[in-house]
């Protein structure tokens, strides 16, 4: 081109160059980053990338013992579902059970053994090795054992059943200590005691809700968290809509509407602690109306003499004609079922009240029949004597500690510092113990006090077995297997105990190299206890099939039929007026703490899914609140979000008010579970722990903590704390979102279809 | 003689129009009025003008309408995405697209028609007086012969032209 | 010209509002409110299955919870005659879904199984579908979500992790449906049988309140539930024709 | 001050070329401030939002649309009076339009541009916004033309194209006039922009026709644009949004706020560009009358909207209405009524209409009220929908407020650049209102002075 | 003073030329990068030759990539599998010694991914193998490559074309491939 001079040409070259560079960079920026394909050096058997593998195991998030199936992909656990073959869960699982994955993959898990570096409770730990720490601990234990000071060792574990409990029992036995305690806040000690007294059998019976036509529940939040919520849920659903033309009716009696109360056909508020009196009022009405025709009718009449309708109405706050109506319909509708538990059992008159509930079942002939109370056979394995610690037993332990009788405390996945009232003084007592060893997976409040932390595997990484309690009316045993390799440098509790025993030179007493071998050894006995099956010729086949199925047992429920309580039992029936810590004048409200659906007794607080699970009744997440009746709120001049101090004779905490439409005016309720000081990033600094204001009041028969027997007063502080909620307006405003049908509607073919579709046949490996 | 132009500058539209009328009466056909504002009454003087713009607009709009519907319906048919229980080809929404496309192409065609019929943009210089963009009104007459030019100049002067210039064909001023 | 011939030949089909009638399946869920207790096991099941993020307290306080399945709670009456009515609320997979028509990029549409599909990677985040949805079951990713290590190891590889600016919602566990179809093909079957596929919520519901299946199969459990006289759909007056059918709660007189 | 009848043709050229060429330091300072505010309040928060996600704004679960969309409607609305009014007045041969239409049209153009920016700010993944356009791609996927949002895309594209062409076509003779008076880069720019315009009778004739056709095409287009914007809402089934009245409501509201916007712009031009003798009391008087009429229509539709909700006796409609009138945002609602329905009644007085500062204050108040209206439409309706459990409250975040401020600054920046490129008062059309050098008073002058 | 825009265009010509040349440069740069540095042929930690294994020795693809038959992911063979043959075959080759080193140390070989689909795509190898598709249709003639190159872009259009042409049932439904 003639008119392009040199300078211009250079400019053009420059422009072209810049353009080309920009184009090059643009192209470069659109390229994929390098990714690698990393195969296993040696692939495990049955492994196939991209295909899920399911392992059956047992849930350990609460004490129900549901069977679970865990879906794994590429060696990682992805989802927990109920094990369809397990008779307790039948393929279903509650929210807490499903979030066990977040216990496994919790970012706050203790990744390896730690030894205390700073002062106690300062949370300064140095990492150490298993070799070193186990050697030292074993040495110490062996010294104590040979010196006869083995009794100075205390072992405090969470709810443990099956062969792990046996192993702990054996280990403590060899140490020569009887200070082996299981502490579980939710353990229904008074229910065991009431059953022992009334039925002469301390096992929990099977409540056949599924086949019942009338369930009368006294304070038992059996769909929420009580005993075996998943199984109860199954029963509840089927009792409602799975039978042709029959719809089970269900009445809940409690001072504050729980999840179960919300699902009930009728919710009746009875003053806290008077549920037993109400039960006896109903019983008297049944007896008066001729509903009971047993030989010992006179004795019953005598025992129930004090429970005339008017006096019952006065004490319980339930109108006399309501009592009569309940009694009549309960007696009429067969089979029916009366259940007692929760706050009813954890009051000053808990055992008596639960005996009264049992008595109701007896009066209408619901014991040992389908749709009523069915007795469970003894567990297939595991220790027979209960090591469950009541408050009284824990106070004793604290006393021993203060007196210097305890040299070494081993804590295993129990958190008494959080779960015992401050008034029990347990935390102070811990300070007196020279050495504390924790086997917990998480740095909870109790582990924070430990001198040595030997972190255990979560249940998804461990071998174990379980017998569900309550059972399902027949023998069931379940095996839990590790579904993933241990994530960190942790070991299973059983393996730690066995290793300690080996290092102590107790090889002869503990001949099993690890928990798996111990289980196999123990299950030989289970195998031989069953009926021989030609399909299962040897133990190895049996074991493999049990591990695959996750469950073993019978599959038939044998109603036992006739039952009659002893004469002295009838004579002793009676429920005293409830006693509260704190005078009514000074502390006008009865405090009704309840286990949160998601966080349980606080163990779920480190699971983000559970923190973000809206409370089933209020929609609140991440927090503690105090529920008050709208009338009470008006009287106090508080609204939702106003912070009040909850003051009891034992202490004081602050929480925002939530105006709750379904609570008695004289009662305030608080969920348990929040208020952790430790326990990881998701748990701490959310809410308060209402256990801390509970008085160390016990139920006299069992020494159990009567957690429903504290009175409080509410003092507005003038502060505000907006509750974090997922829900907006809680009234329907006539928009017919939840539509209502009359009784009898639509329980026809559809109901049956539902049953057909959903009832998964219980396939149980038989021996 | 080659064609040349006589260009008279007037101080106002009346005079310019009068001059143009007179020139036209004398048989000058190739007349241009260059003015700072559109002149009213120019049609009475120079006769009605026809423009093709309306055809552009009309056919542009029709094309747009057809194209709009085809675009919407074609897109829906070529990759079926049933939505909201509606048919694949749904008239109410597609009519909106049709409507908008009708207007869009109508507008673009109008612009095209304007540019073509007004012979814009200009690549070759044309006769122009910058004053006519301010306050002068120019009358430009194309004359075939010397005599015509003289006559035109005369008429322009008579009509009150402040200045008359001769402009060579095709050239600037 | 075959394109135009084809177009004209299928004109009637393209003009048919009942286009859905020819679908292979019509996945439907029924929720028996008389069984539902509001225990929220379904909520967690959904969160575990579908990689729904953990958003944190502050985000929830700002109204940005992300659980695809939620339990709505409505109180009726005053103490002592007070009742709580709970209803699980999740994408209703409406046949006449308002959300589908509004998406400018077809990121949400109806697929041949009667599912209201949401294609995350196509979404540009206008959020209009959430506005148009009367059930409020579409959730928007207001920011990128983070799982503190090693929580991310739990994430389901069959489900995308959604990035910021993307709308998401219940899919009826499309990954499970896909897997069931895959299994059916492996077995040489053309159709998935009743009960072979259950979304996570249905699978876990302890009271068996949820039933899932194909409405086109008259023998399926869900078809039989639809015949129940208690069946109704929420906000029926809006004519969205949901694929989630509720069975009325039964309330006995005291 | 010169009187209108004293202005000569040459003065017009001089005044307007001066307004383009002579630039004082005050202009640069203002421009610098506007640019800085645009960057600091619009782009900086926007980039933060791109990085963090839409969560930087205050939107939440029920209220997924917020101030970004309110601003979008506001800017689209503001764009309505310019070109639309100009077109209507053009085909009805209104002389008073001629001094002010150019800047009114510019207002249209720039508010449309800002509105388009608001769309970019609003969507969650603006880096994929091109998916809303039909262009060939390997995904074989085009947008969904059933979506009201696609109507928006089409309508706004068309409107933006149409009004850019309209303002440009009207300016060609002026560019030619300016071309002759400028030098350097400006000259080259105006040479290109004027396309070689000479002002022959043929050119004027063609321009007149084309301009009228455009005006006729743009009037229905403008009406469609804002009714389509209203359908983004009215096509949903959200209580209080799903209303047939919405399209006229939006269109009237748009013209209303646009007209108020013109008053503001006229005031500013008159004051700071020294166009006192071009933009006169007459304009303010006429605009004031128009505003009064529009305010009455707007008030009427607003009341009707309340009526339909109230008469429906539908729980959802009623609650939505209650929330709007007496809920969390009630003060804003009543502020809107005060600014947009009550205050404009002052326009009844001719003295008010012809007083510049009061008119400025009123016009700004009306636009504040109109912004509030849009905010309430977005912010309150979505918070109260069918399922009470999903109710919530939406409060804008700092980022959103900052971007709103930034968008105003962006509009100002664009306008400031405009006044230095386009003759902001039409040279040739102003001349048309003046007596030609050999004529007496024009009809327009006869009528108005 | 004239009205023509030509003089101005002349003035603008150099600038316009620069823009044009710059744009052409941009295109050249962009496509040159894509053509010469496509990044589709990464260097692998071990120079494994498909041409030798799949070409010369005609080992079927599915012999090593077993999982493609039954799993969504095709899988890369483990070192174990390599050593299955190479414990005996060509043991003294330096490359095989390298493999053996990985095997002895029980370390995986960090192969670089070549065919990488975005995380939102569900591509089950199993279904495509079952439908009788040759691996080469998507992966190209791997058996002729010493170092594997990505031949096709593996983009949505490619999937759609095939799904349309081979009439896959609901093949173009978004949910068929997007998760």
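Letters A, B, C, D and E mark the chains as written, and numbering starts fresh at 1 in each.
In this section, a contact is a pair of C-beta atoms (placed from the backbone, for glycine too) under 8 Å apart; a residue touches a chain by one contact, two chains touch by 3 or more.
All values reported here derive from a predicted model rather than from experimental measurement.
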Per the touch definition, the chains contacting both chain A and chain E are C, D
By C-alpha centres, the chain nearest the middle of everything shown is C
Most remote chain w.r.t. Chain A, using mean C-alpha positions, is B
By C-beta contact count, B-D versus B-C, the higher one is B-D
Dist(centroid_CA(chain A), centroid_CA(chain D)) in Å evaluates to 63
Distance between the CA centroids of chain C and chain E (whole Å) is 36
Expressed in whole Å, how far the mean CA point of chain B lies from that of chain E is 59
Chain C to chain D, mean C-alpha position gap in Å, rounds to 42
Where chain A touches two or more other chains simultaneously, the residues are 619, 727, 730-732, 737
Residues of chain D that touch two or more other chains sit at 62, 140-141, 143-144, 146-148, 150, 176, 180, 195-198, 386-390, 392
For chain E, residue numbers touching 2 or more other chains are 1, 3-5
A full list of chain pairs that touch reads A-C, A-D, A-E, B-C, B-D, B-E, C-D, C-E, D-E
As the complex stands, chain C meets chain B at residues 7, 10-11, 13-17, 19-20, 94-101, 103, 106, 108-110, 241
Chain D partner, complex, touching residues on chain A are 619, 727-735, 737
Counting only contacts in the complex, chain B reaches chain D at residues 11-15, 32-39, 42, 46, 49, 51, 53-54, 57, 61, 71-72, 75-76, 78-79, 81, 83-84, 86, 90, 93-94, 96-97, 99-101, 103-104, 106-108, 110-111, 113-115, 117-118, 120-123, 126-128, 130, 132-135, 140
The residues of chain D that touch chain A in their complex are 62, 315-316, 319, 386-392
In the complex, the residues of chain C that touch chain E are 24, 109, 111-113, 115, 117, 119-122, 158-161, 174-175, 178, 182, 185-186
